[in-house]
Each structure stands twice: as C-alpha cells, then as structure tokens.
Amino acid sequence: MAYTGVTPSARSRGMVREARHLLFTVAPGASWIVIFLVLPAAYLMGVAFMTNGPYGLPQMPLSLESFRRLAGFGFLGWSPGNLYTLLRSLWQTLVSTGLVVLVAYPIAYYISTCRETWRPIMLLLVVVPSWTNQVIRTFGWMNLLAPGTPLSELAESLGLIAPNMGLYPSNFAVTLGLVYNFLPFMVLPLYAAFEKLDIAQVEAAQDLFASPVRAFWHAVFPQTLPGLLAGIVLVAIPAFGMYVIPELLGGGKGMMLGNLVANQFAGGANWPLGAAGAILMLIATFIGLFVMRRIGKRLGGGEEVVI
Amino acid sequence: MRKRTLKRGLTAFWWFTLAFLYLPLAVVVLFSFNASNSAASFTGISLRWYTRLMGNEEILSAFANSMILAISSSMIALGIGCLIGYGMYRHRQRKLGWLIVLIYLPIVLPDIVFGISEMAFFVQVHRLTGLLQPGLITMIIAHVTFQIPFVALIVYSRFVGLDPTLFEAAKDLYASPTKRVIHFMLPTIKPALISAFFLSFTLSVDDFVISFFTAGPESATLPIYIWGAIKKGVSPEINAIAALMIGAVAVAAVISLMFSRRRPA
Amino acid sequence: MNDSLTLDTAEASRNENVETAREASSIELHGLHKRFGRHTVALNGVDLTIEAGEFFTLLGPSGCGKTTLLRILAGLEEADDGRLAIGGKDITEVPPHKRSVNTVFQSYALFPHLSVRENLAFGLKMRGLPPVEREARVAKIAEFIKLGDLVARRIDQLSGGQRQRIALARALVNEPDVLLLDEPLSALDAGLRSQLQVELLRVQKRLGMTFVFVTHDQQEAMVMSDRIAVLNGGVIQQVGPPREVYEHPVNAFVARFMGHDNLYPITARQGNRLTTPLGELVADQAGEGDLLLIRPETLDLLPGEVAGDNHLLAVVNERLYRGSHAEYRLEVGAGTLQATLNNRGRHLPEVGDRVTVTVAPDDLVTLSE
C-alpha cells in the first residue's frame, strides 16, 4: 500500500493544460494593457529625463533639465510661474477637497437617516449629474458665472468683484467647479460608512457624554473615518491632475499642473517638461493609493469603493 | 426639539445641494430653448438651435464619430475583458497580484497622464513605422484600454457569485468545451455582459481628456467638438447639443432606476 | 425490465455499445492515487470492483477521499496514477463530457438561467438529440419521477425536495451507464430525507442501473446499499453488504464509524476465554485481534444476580426509554456497557437496579485496532 510516487505524466499534463488556459484567457487583455498603457507610460517617464528638441520632441542626451524647468529655472534665470502653478494645484486640491467634505458629510448623513425606499433614489440624484460629460457640466458653470448673469451681479452688488468682471474666469470659479465635479465621489463612500453605523454605540455615547458634540466626536466620527479617507483619496488624486475645469473656468491665472502638462504636448512646446509634470502627478497618485491601503488595513474596514 | 431643528436644517441643506448639482445642467437646457443669441438673458422659447443642429455637418459627423468610437471600443473591450474576467475567476487560487495591479492601472492613472502617454506613444510609433496615425483607430485603442478593467471586474464578480459546481454539471452533462461556452457560460453571464457593455459605452461617450489627446484632425467626437466651440466662443447651438446629451443621461438614469427596483434585494 | 426507462430512441442515442445499452455496467478501479498539492493525500491506492446493477455506497468521514473517488469516476478529477474501467472499457483518459456517467451533485447544480424542462433536456441537447426525441424523453422522465407539473417552472421557484428530484431526473434522463450521487440528500430535513431515500432506492431497483452513492451517514448507507465501502485516509477499510460491515467490522475505525461504542481491549486470552475490563467472556469464533466488540442489541438483562458463562453483574446507570426500545447504560466490572432492549411486553429494569447482563458466545466479535 505504500505510496511511492506519482506518474509524472497525468499531473504535469494537467498543470500544462491549466497554464495554457490561463495564458489564453489573460494574455490578450494583459498584453493590451502592457502595450497600450504600461509601455507608453514608461516611455513618458523616460521622456522626462531627455532633452527638449525641435517641435518640443524629446532627444538625447539624458538630463534633468526638465525638472529644473519645472522648478522655474529657464534661459532667463529663475521665474516663479511654474512654481506658482504647482502651489496653486496643491492649494486648489486642498481647498476643494475640504469644501467637498463639508458638503458631503451632512448630505451622506441625511440620506442615511431617510426612509430606506428613498435612499437609492437620493443617491442616484446625487450621482446622475456626474454621468453627463465633464465639458458640458463645466460649460453650465460658465453660463452661470459669466458677466451679467444674476449670480455675477449679486456678487458685484455685494462688492466681491469688480464691476463687469463676472465670477469667471477666476480661481474661485475653478474651486467651485472642482467641488461640483467631485461631490458624488465623496458622498458615496461616506454614505456607505453611515449606513453601517453602529447605532448602539451612538446611543451609548449619548448616555455617556453630556453634549451631543462630544457624542458625535467619540462615537460617530471614528466609525465614518474609513469612508471619509477613501473619499478624500478619490477626490484629491484626480483633483490634483485636473485639466478641463481650470482650462475652462480658470483663465490664464487659474492654471493648474494638468494644464501645464497638457500645454507642453498640445502646443508641441516641450515634451520633457510635460513628462516631468506627469511624473509629479504619478507620484501624488501612488502616495494617495498607498495611504488609502495603509489606512484601510489599519482600520480594518477595507472599503472597496467602486464608482 | 433640538433634533427636529437639526433634521429641518439638514432637509433644507439637501435641497440646496440638489439645486447646486442641477443648476448648471438646468441652465444649459433652458438656454437651448432661448429665442435670442444672448447667453445672459432669456427672451422666449424657440427651437431654432435644435433645427440648426440638424443642418450642422460638423456636429453630425462628431455624433457619428462618438457612436462609432463608443460601440466599437465597447465591443472589443467586452471580448477581451470577458476573457480576462473568466481567467481571473478560473485561476483565482493562483497568485495573480501582478494581474490585479495591471487591471487597476487604467482606473487609477490620472486622465491627463493616461492621455498624454498614449499620445506620445502613438506619435512616436507613427513617426517610426507610419502606423497608428492619430484618428479613430488610436482613439478606439485608448478607449478599449480604459474599458477593459471595468468589463473584467464585472464579469469576474458575476462568475464569483455562481455555484462552482455548475461548471462541473455542464461537463458532466456531455457539454464539450465549446458547448460549455455557448450553452452555459455566455447565457449565465448575459446580465453581466449587458451591464458591462452599457458601462463601457457610457465611459466612452463621457470621456473627453483621453479622446482629446488621441484624436486626429478628422475624428472629433461630440465632447471634442463642444470643447472646440466653447474655446472659440460660445454659440447657442452648444446649449442644444449639450441639452440633448443631458437628456440621454436622464433617460439612462430612469432606466437604471427601474432596473435597480426590479432586481430582488 | 418492464418498468425500466426504455424508449425506442434510447438505443439510437447511446454514445457507444448499442448492444449493451440496456445492461447495467460494472466499474473496476485499480491502484488509484490522488494527491492535492504536495501533502494532502486524498486517495492512497484504491482497488475496487463495483458490480453491474449494484447500489454501491462510499462511506466515510469528511476528508476520507470518498468524494474524490466519485469525482474521478465522473472525470471531474484526474487520478495521478491508476486505471479506471466502466463496463469493461478503460476510460481513465476520457474527458467527463464523453463519459456515459452522470452525477447528482450535493448542491444540485441546476442551471439558474434555464427552466426545469431545459435543465432536464440539457444533457440530451449536448449529445445532439433531435428536439422531438428530447421532448419525449423529458416528458417520460418527468412522469417517471412524478414532477409533471413542475417542468415549466424556473429553478428559483422550487423547494429543496423538488430541486433534488429535478437533479436526479436530469441525470437519469441520459440513461447513463453509471449514476453517481454525491451526498444528494444532505441538504434536506429529516422527514423529506427518509422519504427520498425510499424513493431513490425504488428508482434504482426499477431501472437496474449501477448507482454509486457517497454519504457520511452510516444509517443512510445501511438502508440503501447493496454493498458499502468504508474509507478512511484515502484507503478502503472494508467492503461488504451492510450487515457484514455492521455486524463484523474488520477494525476499530469501521466499528466506531458504524456507530459501535462497546469496544473493549482484550487483556488476556485462554482459547475462547477472553479477559476484558468488563470481566471474562467466552466467544465462539475468537479470531485474531485485541479488541472485543459487543453490539448493544445482542445483550439481554436478567433481573437480580444469575451466575453462568457470559453472565456479568451490572448496575443500571441510565435508561433512555424510546417506546419501541430502551437504551441502557450499565456499569459492569471496570467499564461501562451500552445495551438496547426491545420493548416486547417485558420487564424493563429501572435506574439503580442490580441486573445480570448476558450475551450469546456467537454474537461476540474480535477485531484489531
């Protein structure tokens, strides 16, 4: 009865068959993504370390010139333009993400307190505007904020803007557009967190703490933290690389990193410089994803957020 | 007492936010019926921008491009993504971390990085080989790239939800590998395939940034056309075409609501 | 054979061997080995012959290899080593969809996208039978298994018992050489379960088909089987008819798995006289082995103290009155003993009574660990 060994044929035949099956099903899609995304992205990163040539096309030798340019060093010495753009991107990302949190948090809470039959409809109402094309949505804001519209005239009469200027183009319009664009991205994960809220904990906290503010801070807020952080990553990463909204609503002084990068390619100005900017965005993206994973693991509530 | 005030405040805030969300869209729709040329004042109802739309060859061709792009890229992505989704399911015991990273890459990459990577790549390939001139083909390639992950994940999750012995029952009941695909797998995942197709289609029609960087001079889609028109100076026709696209989304929203209600819990 | 499920089309539809179509098929297994991964041994050298037309049960605890063996028969798993023949033909390397073998799965595995009728016809359709014949055979099987009014329904409109029947019918309609059943009744409640046990047995007897049945329930195995194979650790421990396996288990594992608790070490023996913790006992056929098995139902209790061979003094510790019989827990010598007494108008001793336990010498069985 001693079991000495296995005829290699049956086992290895099965393994070869499985491996071939894996190859057949996965290879087309995997190679598609490798050829048409991984390779191009790798090439782009390489471009960042090349020198700018005629028509903005990259050439040898390798250099760090484009990163110097990104930091503001040009033929004419140092100028703050690029640095301003970078700082503006960061600032706009911070402000708009903060505002989105301020709006989305009560909205998500409110939806979770409504009758169960209404909730999917309410969520749908929040999400539907983001199904329309980004260009069209932004165009809607251009219509609303242009000089001579009721909103602009109101702002004018309050002395917030100079006469006949309109609310757009401006940095304010860009912030507004970003908040508008990303609100649903924050409401969804927050709502998921509120829906799972342990009511018993909240009630216990209401008994324990005298003020409702403290009860909220100790019982409700920690439970919604995973959803909040997921939302922040979902908003902040794409906001940092936004192109359409600052391009349409910002004008020359509202430019963000996305516009800086795009202009280097669209106008054929300087590919290596644009590529260096893209690397900056990639770094921001991976930091965001890393933070989200770490937090997800630590809080145990590893939210899979799918938009 | 305090609770009721809070609830009332929240209700008011909810309606205010809804107004904020729908105001820009409502303005576009309203001005698409505007009788005058002015973007600032509404003078009366008219359908003249819509009738002008019908005569605008550029818009019609942009619409055709959008449809060709969305349908063909969705079909290709459906085939490729479906295979990956099945492969991920069938080999889920293996360590496929590299594949998961690859699948999520198109989703997490910022649009602008995605777009310029493709553009730089296509330009260089074209310079070196003469292939892949920017146009509908390059746009389809780019769109398929960001659609594949969504199709794969939808199909994968459908397979995971199935009783694994169903695959064995099909084998046991004399179905050859080909017949298993035709008579068991495809009919079983049909709902997932339909929703994956619609999602791919929507993603394609909605995309602007990636299309913008991979398009050629002849292959403008509706969003690209609208973008160009806005940059040139607003024409009221834009309101009309934008309103039509908003209408299409509204119809899709109603349909999705009906579907989500009919589905049992 | 009058009752059997034969149709004019049956012959033409058979995959191969038309002449043996209506005869049941035997199964032969030689030296089957199967490992999962590096270390998990599922089957460790299985040799087995299952007769044509037999209701054969693979019995054992979970992880003993019984399901793996069934899956190898179905072709859903490939053996690492060994041969497998059905009806005298080697099918070791035949893929599952080309084997005239069908399975009733534990989860039933009914296709959710198809109606009951389409589920029943699936196998026939895959084998390329024309629609008219498919319809006829589906109607026939639906009538045979008494589910005529269910065929138009969707799968999610069926109860557990109905699903079980459909799964059985979906396999039977193909008239396979062998029907495999993987714990098909385990998801049902007790009442339905015993009802379907009887039904399944009747179906098998009427069709005369070879059934291979997998279960971990020894009661179910005994009720249904012509023969039982008890498996443990990927090795067959014993093969035989239910009575043989129950009354003469070959080792302690089989005995315990068949529900026996009265197992005692034999500390000394002199011819037929065996010394156990209970006392001294005489066995008729004291074979090899150092364990003594006493089945509870072979014991009798006499009131008071009676002397004699195989008469042991005992105190009643516990009595479970079950109507048709009573179960006793007795203290005997240095051990405890369980006894079952039928309730045929006799005196049933009470807890605390001092009694004498008797057992006939030919009811004692010796076995090895």
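Which chain is which? They are A, B and C, in the order written, and residues in each are numbered from 1.
In this text, contacts are C-beta pairs under 8 Å (C-beta built on N, C-alpha and C of every residue); 3 or more make two chains touch, one makes a residue touch a chain.
Per UniProt, the chains are A = ABC-type spermidine/putrescine transport system permease subunit I; B = ABC-type spermidine/putrescine transport system permease subunit II; C = Spermidine/putrescine import ATP-binding protein PotA.
Note that the coordinates shown come from a computational prediction; the quantities given were computed from them, not determined experimentally.
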| item | value |
| --- | --- |
| Chain closest to the middle, measuring from C-alpha centroids that were averaged per chain | B |
| Winner on C-beta contact pairs when B-C is weighed against A-B | A-B |
| Rounded Å distance between chain A and chain C, as computed from the means of their C-alpha atoms | 61 |
| Chain B-chain C separation of Cα centroids, rounded to whole Å | 56 |
| Centroid distance [mean C-alpha coordinates] between chain B and chain A, Å | 18 |
| Complex contact set, residues of chain B against chain A | 2, 7, 10-11, 13-14, 17-18, 20-25, 27-28, 31, 39-41, 80-81, 83-84, 86-88, 90-91, 94, 99, 102-103, 105-106, 108-121, 124, 141-142, 144-145, 148, 152-153, 202, 205-206, 208-209, 213, 222-223, 226-227, 230, 234, 238-239, 242, 245-246, 249-250, 252-253, 256-257, 260-261 |
| Contact footprint of chain B on chain A as seen in their complex | 18, 21-22, 24-26, 28-30, 32-34, 36-41, 43-44, 47, 103, 106-107, 109-110, 113, 120-121, 124-126, 128-129, 131-137, 139-144, 146-149, 180, 183, 212, 237-238, 240-241, 243-244, 248, 258, 261-262, 265-266, 271, 274-275, 278, 281-282, 285, 289, 306 |
| Chain C to chain B touching residues, read off their complex | 74-76, 95-98, 101-103, 105-107, 109-114, 122-123, 125-127, 170-171, 174 |
| In the complex, chain B residues that touch chain C | 163, 165-166, 168-176, 179, 183-184, 187-188, 190 |
